[in-house]
Each structure stands twice: as structure tokens, then as C-alpha cells.
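The same chain A turns up in both complexes below, where it pairs with chain B and then with chain C.
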Partner chain A sequence: MVNLEDLKKEARQILKDGKAKYIIGYKKGANDLMPTPAFITKPEDAEDLVWNPACFHNLTHFLVDEKRRKAKEKEPDERPVGIVVKGCDSRAIITLLQEKFLNREDVYILGVSCENTGVLDEKKLAKKIKGKKVKKVEFDEKNNFIITTPDGKTKIPAEEILAEKCIECKANFPVIYDVLFGEKVERNIDNPFKSLEKIESLPREERWTFWKEQLDKCIRCYACRSVCPMCYCDECVADTINFAVTADTTAEEKAQKIKWVEKSPVSSENFAYHLVRAIHLAGRCIDCGECERACPMDIPIRLLNKKLEKEAKELFDYDAGFDPEQPPLVSCFKDEDPEDFIR
Partner chain B sequence: MPEEFEPKIVAFLCKWCSSAGSDLAGVSRMEYPSNVVPITVMCSGSVSPLYILSAFNRGADGVLVSGCHPGDCHYIKGNYYARRRIALLNKLLEFIGLEPQRFQMSWVSAAEGVKYTQIIKDFVKELKPLGPQTKLGRNL
Partner chain C sequence: MEKVLTKKFFPKWVEKLKSYKIYAPVKENEHWSYTNIDDPENIDLDYPLTTLSPKKIIFPQREIFLEFTASNEGGTEVKEILPAEEPSVIFGVKPCEAIALTLTDKVFSGDIKDPYYWKRRNQTTLIGISCNTPPSPNCFCVSVNGSPYSKEGLDILMTDIGDKYYIEILTKKGEKLLNLAKGLFKSPTANDKKNTEQIHIESKKKIKRQIENIKKIPPKLKEMFDSPFWDEESMSCLQCGICTYLCPTCHCFDINDEIASSSPIKGKRIRTWDTCQFPDFTMHSSGHNPRPDKASRLRQRILHKFQYFVDRYQNYQCTGCGRCISFCPVGIDLIKVLDKVSDYGL
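And then the complex of A and B:
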């Protein structure tokens, strides 16, 4: 079990010692269920930190923002940023380190172990408690979730409301950390790609109908891109105009600028956007499930990334986010890579 | 009599091998279907998955990526990178339900004019029964 007091004590101490400029963690949100990201700068504010099964956000994308902010400062504070991470989030940090986007000394990692459980899925929970207002969520000793509603406490076995990503989780404790809270519990998962089975078993035309139905819902709000710690490109191919338009830019130049993906939320462009996003995350996605959680239209985006994760594992024996020294998936090769599809 | 469906194929050919191979087919006066639009790129490794998706988006019925045989790349290892990338894209397109025949990769050296014509012939033959590609084509 993660002892919250230890986490607070450590946070207070590193802020007091000036070892970190601030700490990114979770604090109680406006809504009783969902914690909100917290940026703690003063040692006394470390009291606000919380850790509960509803801490599903992946905070590592704030490190990307931090890097951008720091680049603009004239006299940047060179101290690291403290960050509270779960197992999956720690893999995001590893990928950022692997891509040399971050330096190890820029982050002070407070790892929390999910042990045998994980975080809950809001939608599953809402269904389970039939839309009642949640006052509090807690872990108990035996890895069940205890949900407090106005009607009293209910104990729900973790597997019933656990997020999909946690059911298939490959890292239930942080892979990289400076301080670890909770224990490293070995957990065996029979099939880390179980969620794909249903769609993979469908015949081709039904797979197409499924994806068309799903991706037609997309309103191109780009929430999946904004929430993703790996989508840190300064310019994105999905943006129609991503070049500087000045007074001198002629209409011709604007017209000739390549538009890879149109903005209109129509089927073909939605496919182009989501397929490009999936392929750009191949071997980088660490399955934090944030894209799917942030999606206002409930598109199972995670499955596209999961599919590529599976292929990377099966074809190239590659696991993202475990070793900062390994070369990225698409910038390396082996002589024995499969080529049975090539004529 | 209704006109027979003629598929449109976009072929990304690497400058050093496949493009020279297609050239050889041409100068040797070998006959092959005219359905293919060749685009010469510097290396098969420079073909971004975005080009392929874009070709489908603009209405290609089939896309071919062709490069040098492994070990023959002008840039030493470009085709090895391409092989990985294309394998992933191949699996992804299959997953979303695109017919796997629509997307092909081949190794064609500068001396393999005959092989090139054969690949195009086979490709066109496979695409004809599938009909036009409407799944990823632009429908603004």
C-alpha cells in the first residue's frame, strides 16, 4: 500500500531542501471523485497531495510544457521538476529520455506503485453505481476499491471497474524513479493484448464497418493529441496551415502549401488523421490510455495504438518505455526482420 | 459494353534500383499495364507512411513501394528502415479493414525490368476484381 503521508513528507522535504523547483502531483478536485493535477511550489502545500484510485491522469505531458516554458525563460531555474508517476507514466518518461527530449537530471521522479490494482475507469464506475454521486474512492488492504456514495460505502472488486489499460498493464510499478512509494509486486498477465481479440477476430468488412462507425464520430477536437505526452512536435502534419503567414505570403504560396489532412471532420480525413497519429506513435505509445479517456466522442483510439504495440512486440520483439538506451523502433532494424509480405 | 475498371496505382520507386528497373522495362520495350503512376523518391526509406496514406486519400486504388534488395541500398540501410515501417503500416491498414492486396511492397533491382513488369501485371490483376478504393478516398 502506498502511504500517502510518506509521499507528502518526501515532497515537503525536497521542496524545503530546494532539490526541486516544484512538484507535479494530484490534489483534491472540485468534484469529489476526480483529483486534479497540482503544481506544488511551497513545502506547506505538500499537504494537499492525494493518491487514490481515481488518479488516472498521466502528468508527464506537463514535463513537455515545462521544457517549452523553460526554453523561453531568460534565466531558467535549472533545478529539476518533481513529478508523481504511476508505472505507465514512468514509461512515458523513459520514452522521452530515449528520444532525448528530456534529460534525466531535469526530473525528480516520485514513483507510486499500483501494486495489484490500478486506476479506475470513470465510465465503468458510473455504470456500476448507477450514476450516484461519489464522495470518496479508496483502496483497501485486499486491492478492492471502496466507493463512498451518499448511501454509504460499497466495496467493489478492482477488476470490475479497473480501467482497460490497467487490466493489460505491463508495468504496475514505476520502471524509473528516485523514490518509490508502495511495493514492487510481480504480476503476471496472461494476455496483454486481450482488448484487441474481439476486433481482430472479425472478418475484414466488419472490421471496416466497426472503424468507420467509430471514426465517423470524431469531431477533430484534437483532445487526444493535446493529452498525449508523446505528441510533442512543434508542428503537426494534421494542422492544415502550419507555416508562417506574413503580409508577403501570396495566395499562391498558401494554396500550394501541402495539406496532408484536411480539417473537415469527414470520414476520409478522420481516417487519415487517426492512422497518421497511430503510426507516429508506433513503438512510442506506452499505453497510458489518456487519448481514449480524453475523447469526448468515446472513440476507442487506444486500440489503434495497442495494435501497433502488439505488432512491434510480435514482429520486432520491441517493448516501448522500458529501456532509455534502446534505439527507437523505427530508427533501427535487424537483418532478420520479417519480409514475407514483400514481393 | 461497360468499360472495364482500370485501377490507379501509385508507385513509389527508389531512384537507384526500382526506378532504374522500371526504366529498363521501358527502354527494352517490355509491355505492362499503364495503370501505374510512378513517383521517384531518393530511397524507399524516405517514403513516409504519410505519403502512402495520402495516396489512398487522393483516390489511389493501390499503392506500391519498391526499393533495392536488402544489402543493395545506395544509402546502405534505407531499405531496412522502410521494411520495418511498411510492415507496421501494412498491419495497421489490415486492422482497420482495408483489403491487403491494395498495398504492396517489392524489391526490384536496376536489372530486374522483367520482374517489375510482372509485379505491375499481378498487381493490376489483383486490383481489378476489388473495384475502386472508396474506403480511404477523400469525400469532402
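And then the complex of A and C:
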């Protein structure tokens, strides 16, 4: 089991020694259930760190922010940023390393193992405890989550309220870290693509109807893109404006910006946005599930990414985010590729 | 004027409103949504809070302004498109959502009254239901001049008093709806009235969250424009549009020409929602962005609601529905941010 005190101690020490400029972790949020991202700069504030089954955020998104901020600084602090990551989140770091977006020395990784459980699904929990107010959520040693409500403590087997992504998790402990908290528990997943079975079994027309209904709900708040550590492009096809404009960009160059996706939240544009995003995540998505969790309209975005993860596995035997030395899937080819056009 | 309606007669009333397009809260998976309904039996007025407020009906995310076609002889043919003539009724409007519309009314009533907004606004009757229990754990209407049984902006206010609804008719528009089903309504007894008053008083006590020192906030914000506070508070912000798109009072928009064919050039001019939280909202064509970072964008959201709007319209541009808090993926809590503003040492 992860000992939170060890995590705090390590964080405190790193900050004391000046080994990291700050630490990204979780701290208690305004709502009792969900912790909120913490950015800790003072050693004494390491005391605020928490680790519990509601630490679902993938904090690696903030490494993208950090890189952007640093690029604007005249005399940047070159020390690494400390970050608390779960297994899935650590795979995001590996993907960012593969893509040379990050350098290994930019991050000091405090890995936490999910061991035999993972993080909870808020909706499953709400159903289970019939909407009661949650005061506290904790891990126990026997793969249960302990939920405190005004009525007292309840022990719920983790599997009953685990997030879908955790049920299909391929990395229950971090694959890259500087310090590890908790145990490397081997866990076998029967079928990492189980959530796809239902939708894949439907005939094409029904799949179309399903996705049309789902994507028509989209309000284009772009929370899925905003929360995704892989959506770090300076320019995105979904934006009508070219962010790469500088004072030297000519009027002609600006005019040439193609509008790929209109702002109208209609089927065609919503499909264009979501499919472009899904394709761009093929072989990159590490299934942290944050896009789906953030979506206010309950669109099952994870299914789209999961499908492409499966394609990458079946066609190229590729698992994203496990080996920092491996080239990214879509920027490499193999001599033995069956398609001629690639040679 | 006050009436009572036995609950089992409620669907009968809705049936009499055939000439109107009816919207009511409907449960879709885990969330509630104001949806156009055909069967009055589907209306359930005992519901928590919809993801989107009735803003989505009065100020839809996509509004077509006009259609244009370039003719071969030169010149462009332009056809104005106004919202369809479609008298509508929205049932189950929460008091904070109706107040929100009265705030948006101010914005769309400058020198030019926005014809698209007002067409929909004027043809829609709002039937509210008072919140006997807070529809969300993050409700804080009482902190921002609201109340769970506020009548402001509504045409009718209904209160659930057990086996019947206590009905307060507030406008001519509301009266019209009652007149279509006169026989169903009865005059309230003294007891009905007393019950309603009691429920209203109790409902206010059930609201758990509040902003401390709200009065202190607008002047304080004026002094905090350049404060590092915004850098700290915005660290965890993702820059998504959830808080503003779900907000019943946020009303910013963008206008784009969407081209359907390039020869001849044909297309539509369309208004869509936009948000100050997106980096492209303030991006200039030179490449300069006057709100270049997360801090300046979070500050804008707070200052617009609690300083600029107050200066201009003498009211907060927030009605305390709590959606921005409940739906924020990283847990940025408006109430906590404002409490920190009041305590912030300058």
C-alpha cells in the first residue's frame, strides 16, 4: 500500500534540497470527494499532499503548461518539476519523451502504484451510495475503497466502483519513475478491450446512430482536448484562428489558414472534431480516461480512443507509452510492412 | 393571482397547451436536460439541475443570422433569417435560471435590441418551480441576491406542496397559459398559502454554501487586477469552456461565415457561443494576445461577473447555480476563489 507519509517526506526533501522547482500533486479540494491539482513550492506545504481513490486527474497535462510557461521566461529555472503519477499517467510521460516534447531531466517522477485497484468512477460511486454526500474516500489493504458519508464508513469492494479505464488498465504501477511508492503488483487483465465488445458487435447502421446521438450532444467546450496531455499542438484544426501568427506573418499567410472545422455544434463539425482528435491520438493515447471524465455532456469519448488503441495493437503490435526509446507509432515504418506504398 | 393545481391534473394542463412548443427537464443517462417533449406524462418536475440552463433555448449555441449567395452578375444576394415563429413554454425553470435571463436581457438591450435573442425571449413563457431542496450541493443563490423561490424573470412560479402545486401567476403571458385550462385550477385555501410560505422559508435554510462578504468583493477586485493571486489560482485551470458554456449568464459569442459552396460563393453567417476562457477569444490578427495566459483569462471570468457587470448593471453576473463548480474537471471553486479574494492581503 502507498504510504502517504513517505510521499510527503520525499516531496519535502526534494523541495528542501532544491532538486525540483515545484511539485505537482494532489491536495484536498473544495468538495470533499475530489482532490484538486496542487502545485507545491514550499517544503512545509508538502504536508497538503493527498493520495486516495479519487485522485483521477492525469497531472501530466500540467507539464505541457510548464513547458509553455518556461519558453516565455527570459531566465528560466532549469530545475526539473516534480510530479506525482499513477501507472497510466506515467505512460503519458513516456509518450511525451518519445515525441521529444519533454526531456527526461525536465521531470522528477514520484510514481504511485495503484496495486490491485485504481481510481473510482464518480458516477458509479454516486449510484452505489445513493447520492449521499461523500466526506472522505480511502484505500484499504484488501482492495476495498472506504467511503465516509454522514452515515458513517462503508467498505465497498474496489471493483464495484472502479473507473472503466482501471478495469482495463495495462499499467497498474508506473512504468517510469525516480521514486516509487507502493508495490509493483503483477495483475493480469483478461481483456483490455472489453469495453469495446458491445459497440463492435453492432451493425454499422446502429453504430452510426449511436455515435450520431452521442456526438450531437457535444457543446465544443473542448474540455476533452484541454485535459489531454497529448493535445499539445500549438495549432489545432478545431480552432478557427492561427496561433502561429507573429508580427511578421503576412496577410496572405494568415488568409491561407484553412478552416477545417466550423464552430457550429452540428453533426458534421462535431464528427470532424472528434474523429480528427481520435486519429491524432492513435498510438499515443495511454487511456487515462480524462477526456471522458471531463466531458460535461457524458459523451463516451474513451471508446473512440480505445478503438484506435486496439487497432494499433492488432495491426502493429504497438502499446503506447511503455518504452521511451521506441519511436512513436505513426512516425516509423518497418521494412516488413505488408503495404507497398510505404517503401 | 394565486391558484392550486392537483398534481395528477398537471399533465392535463400541459395537454391543453398544444399550440405551444413544450420544453421540460428530461433525464438522459445520468444528466438532466431541457428537451422538447410530446408526452406530458414524461415531465418530472422533481429533478436536480440540468447540465445546460434554458439559456440553450433562448440563446442557442448556434444561431443563423443570414444566408448569402454571390450571383454571377456580381453582387451578393443576402437573405435575413429570423428565428421561427414558435411560441414556447419551458417548464421546471429554476429561479436562478430565470434571474440569469433577466441579466442577459440587459446585455442584449443596448442601442440595438438583438432581434434574434428577443424573438425567442418574447415568444417563450417561463414556468418556474421553487427549489424546496437545493438542486445541487453547490447552490448559493442567496449569496447573489437570489432565493430558491424568487419570482424574478418568471411568468409563473410553481411550488410543490405535497399532492398539489401552489401556482403564482406573475405576468399576462403566464395568465394566458392558465386560461387555456381554467377548470383544472382551484383557489388556494388559507392552509395552502401557509404551507407554501413555510416551505419557502425552510428551503432557504437548506442552502449550505454561501459567499462570505460578497459586498466587499467588487471594490476589492478593482485593486487586484495586477495581483499574483490570479497566477496562483489559475495554475490548475485547463482553459476549457465548461464553466462559461454551462453558466446561465455567460453570453459571449462569435460570428463566422460558414461557406457551403465556393462557386458560386454561398453560405451562412452564424453566431455561436464563444468564451473568454479560450486563448483565441482575444487573439488579434497581428499575433498579439492581450490576455496571453491562464491567469488573465481566469481573472476576466471573475472580474466580468463580480466587477464589470456590477459597475454597469448594478448586479452580479452570477445567480448562484453552482454549475461552474460542479462541472469543473479540476475542482476550481468559484465560492472558494471569491472567499480568498475577500481575505487577500494587498
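Just so we're on the same page, the second predicted complex is superposed on the first by the 319 of 343 C-alpha atoms of A that agree within 3 Å, B and C clash if a C-alpha of one lies under 4 Å from a C-alpha of the other, contacts with A are read in each partner's own complex, and residues count from 1 in each chain.
In this text, contacts are C-beta pairs under 8 Å (C-beta built on N, C-alpha and C of every residue); 3 or more make two chains touch, one makes a residue touch a chain.
Here the structure is a predicted model, which is why all the values come from computation and not from measurement.
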Chain B versus chain C as contact partner of A:Ile129, first or second or both or neither: neither
First (chain B), second (chain C), both or neither touched by A:Val179: neither
First (chain B), second (chain C), both or neither touched by A:Leu304: first
Which of chain B and chain C A:Ile146 touches, first, second, both or neither: neither
Which superposed partner A:Asn31 touches (first chain B, second chain C, both, neither): second
Chain B versus chain C as contact partner of A:Glu339, first or second or both or neither: first
Touched partner set for A:Ile167, first chain B, second chain C, both or neither: neither
First, second, both or neither for A:Leu4, with chain B first and chain C second: neither
Which superposed partner A:Val266 touches (first chain B, second chain C, both, neither): both
Common ground on chain A, meaning residues reached by chain C in one complex and by chain B in the other: 262, 264, 266
Residues of chain A defined as touching chain C within the complex: 29-31, 34-37, 39, 57, 61-62, 65, 69, 123, 133, 219-223, 225-227, 239-241, 243, 245-247, 249, 254, 262-266, 290, 293-294, 296-298
Complex interface listing, chain B residues touching chain A: 49-50, 53-54, 57, 70, 77, 80-81, 83-99, 104-107, 119, 122, 135-140
Parts of chain A lying in touch with chain B, wherever the complex brings them together: 199-200, 204-212, 237, 260-262, 264, 266-269, 271-272, 275-276, 278-279, 282, 304, 307-308, 311-312, 315-316, 329-331, 333, 335, 337-339, 341-343
Residues of chain C defined as touching chain A within the complex: 28-31, 51-52, 61-62, 137-138, 235-236, 238-242, 245-246, 254, 256, 258, 270, 272-275, 278-280, 283, 285-288, 293-294, 325, 327, 329-333, 335-336
